[in-house]
Every structure is written in structure tokens, then in C-alpha cells.
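My questions will all concern the structure given below.
Note that the chains are named A, B, C and D in the order they appear, and that numbering of residues resets to 1 at the start of each chain.
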Amino acid sequence: MSPQPPPPPQPQAANHTASMIDVSNASKSFGNVVAVSDVSFQLNAGVTALLGPNGAGKSTLFRMLCGLTTPTAGTVKVLGRDARHDTPVRGKIGLSPQQDALFDRLTAFEFVEIAAKTHGVKNPTSATKHALTLVDLATVTEKNVGSFSKGMRQRAKLAAALVNDPEILILDEPLSGLDPVQRNRMIELFHTLGSQGKCVLISSHILDEVARIGSEVLVIAQGRLAASGDYRSLRTLMEDQPHVIQITTNGARELGAALLQKEIIEGVTIEDGSLSVTTSKIDAFGRSIASIARELDVSLIEVTPMDDDLESVFRYLIERR
Amino acid sequence: MATVSPIRAITLTHNVLLKQLITKGRLIGITLFGLLPILLGWVIGRQSDDPLEAGVGFISYMGLSILIPVVALIFASASLGDTREDGTLVYLWLRPISRWSVTAGAWAASSTITLPLTVIPMTIAAILLDAGNTLILATILTAVLAGFAYCGIFLLLGLLVKNPVIWGLAYIFIWEAIVTSFAKPAAAIAVSGYSRAIITGRTGVEFERLFSPSQGTSIFMLIVIIAVSMGITTVRLSRIEVP
Amino acid sequence: MSIALGLRKPTQGAIRVLTLEPIKDGAKLRSLVSYGPERNILPDEMPAVDFVKHLAEVRGIPRKEAKTRASDVLWLVGLGEERFRPIGTMSTGQRQRVKLAQAIAADPQLVFLDEPTDGLDPLARDEVLTLIRQVSEEYGIHIMISSHLLEEVEQICDNIVVLNAGKLVVAGQLNQLTGQSTGIEVELVPIDDQPTAIDAVERSLRQAGLTVTREADSTVLRIQDGTSETPADLIRDAVAEAGARLHRIQHRRRSLEDIILDTSS
Amino acid sequence: MSATDNARILDRGYRQFDGERLGTRSAIRSTAWQTTRSIFGLGRKARHKFFPMAILGITYLIVIIQLAAVFLFGNETAGFLTTNSWEQVAPGIVMILFAALVAPDAIVRDQKNGMFSLYMSTPLTKPTYLAAKSFSVAGSILLITFGPALLYLLGKTIKGLGPNGVAQWFETFGRLTAACVLVSLFLCAFSLAFSCFTNRRAIASIVVLLAYIGTSVPSAILYEETNIGEKILLVNPIETAYEFGARLCNSPSIADNYGEITTTFITLGFIGWLLISCLILLVTYQKREAI
């Protein structure tokens, strides 16, 4: 089941001023445990996904961005300023933290409203209503947040992060605990926010969703930045990983032999009628597969690239280390 | 981008933290705890021949040195301490509001809940002692001042250590109760020393004590203690590792 | 799950688990069934092997047998070397394996796992999912998992029950409910030397009588199924004709997500 | 001679268990043993062992020193070994302190580390779970009540100061055992009941002690100050139970004001508090979600 392709990546806002998020050589260690070491990247408007195994330093990086903790080396700038000491810029950041704790004795409305008021939002009540409808909590505004399920708490956190219409949105696993319908709605929401010129940074473990959210990724492993950019171009950069393609056809043997003979592919395995080929010349393969099949009068029922998806890119980046 | 005015920030922090502090368990427990001084006040009132002297002694030992500090400890150490422990501090910290208004809001919330739960039972006890109005007024004044001061100290304690209740109890029952009775400089920073000085000053009942400042200095020192502990809390808040 | 375990009485209707009535003979049922709790909360200071042995004993396995089974099961879930370590020192992935180990130590006929991959990163999740699949296939233990992730369910489950706000949406065998082809997707790659290749392919497919849809300047052509019996050859010839670079031909199968989105809208 | 004919590859895979499954009884035994291990910190870091072990150690140390004194320096120092046996059970305050440490460790930890919902998914039910926990807690308390008394009894018997005649000896021994078991069960129920309101161990111990102070101080004051009469003393659970033990061993009352209360009222007070504790425990756990 391949995800329907994500929208084309936002054109990088070509403003010369400092990018919305600017991290240069940031490191963070707790005692002698290095959580983040020498990470540098710049982000502008649009949606970017931050990926990495557990304990790779994602949450620490997020906390540094919001100024919740200071980097031991390097600098972290949000909208050109340091969120830890610059009071006004904290009004432009919307954070949905990873931990599950909320003000349990407040109702959903009160919880989001307090976020609106402490952000100095003009009319907090309507902003709160709007935020709660965005996250599909309009029907339970008067219920105590403490009695909410994991998914509802997650949406309450999102509403609180959105209520002040921030320019920077930092969401730590925002979709965990949500059901498929809500997840789709949230993904659309992130798209619109990204296209409205906000800088949205999302961490997630569910790669199928990340691929739908956007194709811009930052991959962190053992505290270091492993890769950044569009994950499809990352895949093409990995020449040392040949592409694996599965072909369902009625002439597996003939097609395999022809492709081998024409040196388009390096390896082939045939399993009950379906052909699995490995090739590092993906361009040549793409151009010639149809014509070769036509010559042999062999029909191509399905041609499926097996390791082009985000999960394979992620696996190659993490496991290769 | 609007930054929120300090007064508004203080009231908002106060409202949120107050709601979080009021739990059924704490309320029932502490109101029951408050009945004890009332019962003892009534007993002493009936029994003792010089109620004023016995009353001042009882109010300063039972009320000012046990009831108020313990209740203040439970609420003030939890107001910011709990938000750091469970991770909700970020919802007050990552806001365009100044740090000191968060401290002031937390201090106000702790006082709003601590004072009624301590001053009221102590005033009733003072009345039951029927040793005249001076004692009742003195009790109210000192209880309120002591309440504010203890809330300040334990608010700071909540952000300094991992389990503030244990350290707070050590402060109340070891530092204030024992150490101050033989080390003069220790008494200089113990709230109970000043609150005792104020109540004895106002009621004219004298206790032979190591350290007896005048009423004026005592009130001034309590205010200094409040200001200093809120100042350190604010610095601590801006330097803290927010979960 | 708590109703199936006999921990909560259904307000109406009846339930049978392994032919037993959960409320009436709860104790007997719960010695044949076991449970992996949702959140990752486990006794941190307890060594993993003691934790698994103790729960096996409580589920009715004699002491000596429980001791050997605990070690065997921890080896099987890949925690052989770490089995003496306290659970608190383990990663989220390892803790999920310990939960799985305690669930199968008492040789249950049925295991309930509540969100077994919650909080795991993609690699750890795949390992746990393959482990769960292995447990049900090779060890002959029926497993019921609850999950929000449809891709995960489609990856390892045979049957599904979909609930929405407490009501049943759909239930049945996965391969019957999903998999019907709902059209073919042809993805091409833009190439400089043949800029018009993709349009050419689209045109020739339309001429061949296939209904083709394509979003604005997208490189994916969606072809409705069932119009003609050999769309594959038409596609192949169109692509070869235009000299376009083929990336993917895939039958769009009706996925679990399509079912849920259809039924809930 | 082919070496391969005795070569075999053994299947190390998963083994079914087709032996006979033990019932709830073995589940209770295993849970009780596991709880006792955790109470005395076996299999856990040393700092968990400190408090319960300290109190046990001190109590037994005092007993051994006294007995050694009697054996070394002859009978004159045996004055304290009075004929009746209830006197030598550890004083009430030590017992409630020990119970306030042991009970929270047994049930409060299960709430925080997920074990409670795991236990509920086994053949154990809420009542059998609480029974298993009570066996462990009562057993530990028995260590501190029955142990010292038994040592004293043996010491007296060897020195010839014990009850004369085998029949009397067994009667004293029987009464002592019954009293210690009942008082330990009482303490177990009381401390468990007051430690199931919170999921933090330190707070639970404080609540148990406050429950003791909250009942004993007012009842003592009201007895002194007003003329309600001696029955108000029954409001104090620990001294009532302690007095009940004394009455069972028909040894002198623990204090003269308790002496004024008739045995029937003492028994009623004992049973009343026992029922209250069990009620609190069962109702709180009944409301608790299993998963």
C-alpha cells in the first residue's frame, strides 16, 4: 500500500534574513552522557519531519529549540532570538511536548484558554473555541482533562500549541494515540499551517504518516545529524545501496534473463512467478523495462520498488552506522 | 507581539496553580489536622488559671511552629515543585510572561490556600482560650505574616530539591525547633523566631529566649525573608532545566 | 479487553472466551489467557527473569517449571543475556519484549496485547511485530492486539475488529475485507531528454479507452480498473512508445484505511 | 562407522506446558512470598532493607540481651520475667511503626509499577489478591510480636520460672499464640486500610501514623477532660487491640484506665475496628479499575 505522494516541497523562502530556525554546531551533554553533538541545520516555512530511534536526542533537540534547556556548545536561534531569555519570542512558539502531563483539574476549555491568555491572545475565548474545533474536541470542552484518554490529551496539547497562532510549531510525536480519521485531519492541518508560512517541525515514529506529512526530513542518530533534505533525493544519494524492485509478470524467467543479459540489473531471484531484481542503474532500468517487456511480449502486471520508501531510507541511514 | 502585563500574568498563574493545589485528599486531611489546635485551645481555656500566658505559649508552639509551617510546606512546595515533577511547568514557562510574575503567582496561590486553613483554626483556638482580644488580634497578625513567610521559603524549596516534603519537615522539626534554641545566628533566619517575637511583643507575655528581636525588626525581617526567597526562586526558575 | 478478561461486567449481551463465561469462571479463564498492559509501566527494580517467573507461577505453573520456562521464554524473545538485569535498566524495545515474555511464559491459549508497539521507534517496532507474528505462527498461541496503526495491523494480522466510539464498524478476515483492486497507479519519472513523455503516455492510455486521472503536474497516473481486461499491456506499450522512464506500476488495493474512512464519513 | 547416526538436532523452540495447572491457592502463596521478599528488600538494593530490618534487629537485640543477663547473672535479674507472657510482646508504638512501614511496601508499590493490573489479569481476584498481601504483612508483623514473646516464654521455662505443669504451659502457649496472631492480623488490616489512599509509599506511612495519632490523642484528651467515661478509649484502635491481647492471655491490663472497660466491650472494640479496616480496604479496591 504506497502512500499517495506528498505535495511538492515548499519553495525555500528566499529571504536573506536569518532563517526561522537556525541551529549551528549545537551540542548538549548531561554529565558525560552526550545527548546531542554538533548538529547544524536551518529551517524555514514548511513542514519538516525529525526522525531518529529512541534516545537519539530528538526530545533534547526540541527542548533546546524552545530554550527549555541550554546547549552546552553552539547556538540555537528561533526567529533570530534565544527563546530562553527573550520573553516576546516565546509568544511565537507553539510546543506540544512529549510528556503526557496536563493540568488535570482544568476542563479542556480552561486548559486551552489559559494557554491563550498567557500568550496575550487578543480575544482568548474565540481563539480557544477555534483551536478546540480544529482538533475535534468541540464536544468535550467542559470535561476535565484529567479524565481524557491518551488520544484526547494529545489533541488538547495540540490545541494549546495552536491557540496563539504561532509562527514556529514544534510537535513531539503529535499523532501518537490518535485514530486514523483524526490522524488524517491533523496531517491536513499541518499541511495548511506549513503553507501559511509557518515553520512546522514534527517528530514521529510512524514513517508511513511522515511520508504523507512532507518529504523534508532531518534524521538524527546517536545525537548526530545523519541526513537532511528530501528523503527521495536522499535515496538516490545512496549509490552503495542498490535498488530492489519486485516485478509481477507472466514471463519471469525470460524477462530476468533479458535484463541480466543487457547488464541493466546485477541480481535476480525468482519466487513462484514473481521476479525480484537488484540494480544500481535505476535510470537505465526505468527507461528500458517497458520496451524490453514489449519485445518479449511479456506483460508487466506490477512493478514495485521495495526500498524507495522512507522506512528503507531510515533503515539504511540508521543501520549502516 | 503582545507580552502579557505582569498583573495579568500573576493572576493567571495564581488561578491555574490554585486549581491544581486543591485536591479532595489534601483539603480533608488538613481541615482535620486543624481541629487538633481548636480542641487543645478549648482544653487549655477551661483548665489553665492564666490563659493568656498558656495561650501565647500554645499558639506560638502549636500554631506558629507546627500547623502553619506544615500546611505551608504541603501547598507551597507543591505549587511549582509538582509542575516541575510532572512536566506541566512548560505550560507556564514557555510563555511571553516574565519569570518573576510566575513566582509571584505561585506564591499567591500557595498563600490563598494555606492562610484560611491555618489562620481560621488558630483564631478559633485563640477565642476558645478566652484570654482577651489582644491575643486574638496578635494571633491573626502573626499567623498571616508567618503563613506568607513559610509559603515563600517552601515555594523555593519546591524548586530546589527532589522531594521537598522530607527536607521541609527536617527544616521545621530540626532546624527551627532544635538548632535555633542553641545557635543564635540560626535563629536569625528562622521564621518561627520572628513570629514568636511578634506575638510576645503584642501580648506583653515574655519568654526567656535566646533571640528576641523587637516587633519592628521581626516584621521587617519576615518581609525580607519573603522577598529574598521569591528572588532566588525567580533566578532558579530562569536557570532551571524545564522538563 | 477487560470484559473479555472478566474484569468488567458487560451491561448487556453475552461474551464467551475459549468457551468460558468470563465473569462466572473468571479464575479458570485467566489461567488460560494472559495480558500485556498498555503503558510501559513495569516493576523497574525487579530482574526480568524473576518478574516472568513470578507471573508464570501466579498463572498456575508449578515453581520449578516456571523457573525454566521464564529463562527459555526470555531467550526466545531475544533477551537471553539481559534476563538477569532489572527491568528499569532496559530500553523501551526491551521492556516490550519482557511484557511479551511474561504473556507467553504460562503457555496461554490466548494473549491480549494492548498497543504492543506504543512508543517504539520504527526499527524496534518491526522487530516486535515480527516476534508477535512468530509467536502466533510457530508457537500456536492466538494473539489479539489493539492498535491505532493500520499499517501495523495489515502487516501482521489475519482478522480485524474495528471499533469507533464503542460501536462496531467492521469485523472479519483481513484478506476478504481488503485487497480488492481499486485501480492501477502508474508513476513515471520526469526526464530531461523526453520532457513530454508523461503527457504522451497519458494521451495514449486515454486513446486506448482507459479512464485516466492525474492531479496537476503530478507524475502519477491513476487508471480506473475493469474497463478493459488487459490494461497491463496497454500501459507497457504506452510507456515503451513514449520512451518514458517508469518508476512504479501498482494495483491500488482497498486498504483498511479506505474502509475506515468510508464507513466513518 | 558413520558418526552421524547418533547426531541429532534438538528443537530448542517453544515448549507447550501440558502439566496440571495449580489453582488460586498456589497463586496466593507465590504472591505472598514475593511480597515478603520485597518488604524485607531481598533481591533489592540495600537501602530498601534498612527500616524494617532496623526495627526487627533492635527488638530482638533487647530480648537476647535480657535473656543473656538472666542466664549469666542468675535469677535476681529475672524480676522482669513476670509470670504472665503478654507483657513481653513489643510495645504498641513499635508495632504500629513497623506496620506503617510494612503495609505501604506491600500494596502501594503495585499501584505505581503496573503490577496490580497484571495481577488482575491472572486467576487472582481483588479479594484473593488482598488475602495474599495480608498473609505477607500479617506474617511479617507476627515476626515482631510473636518472636520476642516466644523467646521470653522459653527463657522462663528453662529457668524454671515459667507456668508450672505441662497443662498450664500449653494453655499459656496457646493463649499467647492466639493473641499474637489476632493482634498481628488486626495491625495488618488497619495499616493496609490506611495506606491504600495514595500511590506514594512515604505519604502512605505518614497517613497510617496520622490515623493512629488522630484517633489516640483525641480519645485520650476527651477521657481526661470530660466525663464521657472509659468507653471513649475504645476509639484508640492500637491500645484497644493491645488490651484485647492482654485479656486473651489473662494478664494484667496495659493501663489502669483500660482496665475499667469490660472484656466484652474490649472485644467489641477490637472486632469493630477490624471490620472497619476490612471494609475500607475492600470498598477502595472494589472501586479501583483493574486495567
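Annotations
Operating definition for what follows: contacts are C-beta pairs under 8 Å (C-beta built on N, C-alpha and C of every residue); 3 or more make two chains touch, one makes a residue touch a chain.
Fair warning: this is a prediction, and the values are worked out from it, not measured in the lab.
Inter-chain spacing, taken between the CA centroids of chain A and chain C, is 21 Å. Chain centres here are Cα means. That of chain B falls 56 Å from that of chain C. Taking the mean of the C-alpha atoms as each chain's centre, chain C and chain D sit 49 Å apart. Taking each chain's centre as the mean of its C-alpha atoms, chain B lies 38 Å from chain D. Taken as a graph of touching chains, this assembly forms a single closed ring in which every chain touches exactly two others.
Counting only pairs that meet the touch rule, the chains in contact are A-B, A-C, B-D, C-D. On the chain C side of its complex with chain A, the touching residues are 91-93, 118-125, 148-151, 154, 164, 185, 187, 189, 191, 217-220, 230, 232-233, 235-237, 239-240, 243-251, 253, 255, 257, 260-261, 264.
On chain A, the positions that touch chain C within their shared complex are 1-2, 4-5, 8, 52-55, 151, 176-181, 183-184, 205-208, 283, 286-287, 289-291, 293-294, 299-305, 311, 314-315, 318-319.
Chain A contributes residues 63, 66-69, 83-85, 87-93, 95, 97, 99-106, 110, 114-115, 117-120, 122, 160 to its touches with chain B in the complex.
Touching chain C in their complex are the following residues of chain D: 13-17, 19, 21-24, 26-27, 30-31, 34, 43-45, 109, 112-115, 117-125, 290-291.
Against chain A, the residues of chain B that register as touching in their complex are 1-4, 8-9, 12-13, 15-16, 19-20, 22-23, 86-88, 90-98, 238, 241-243.
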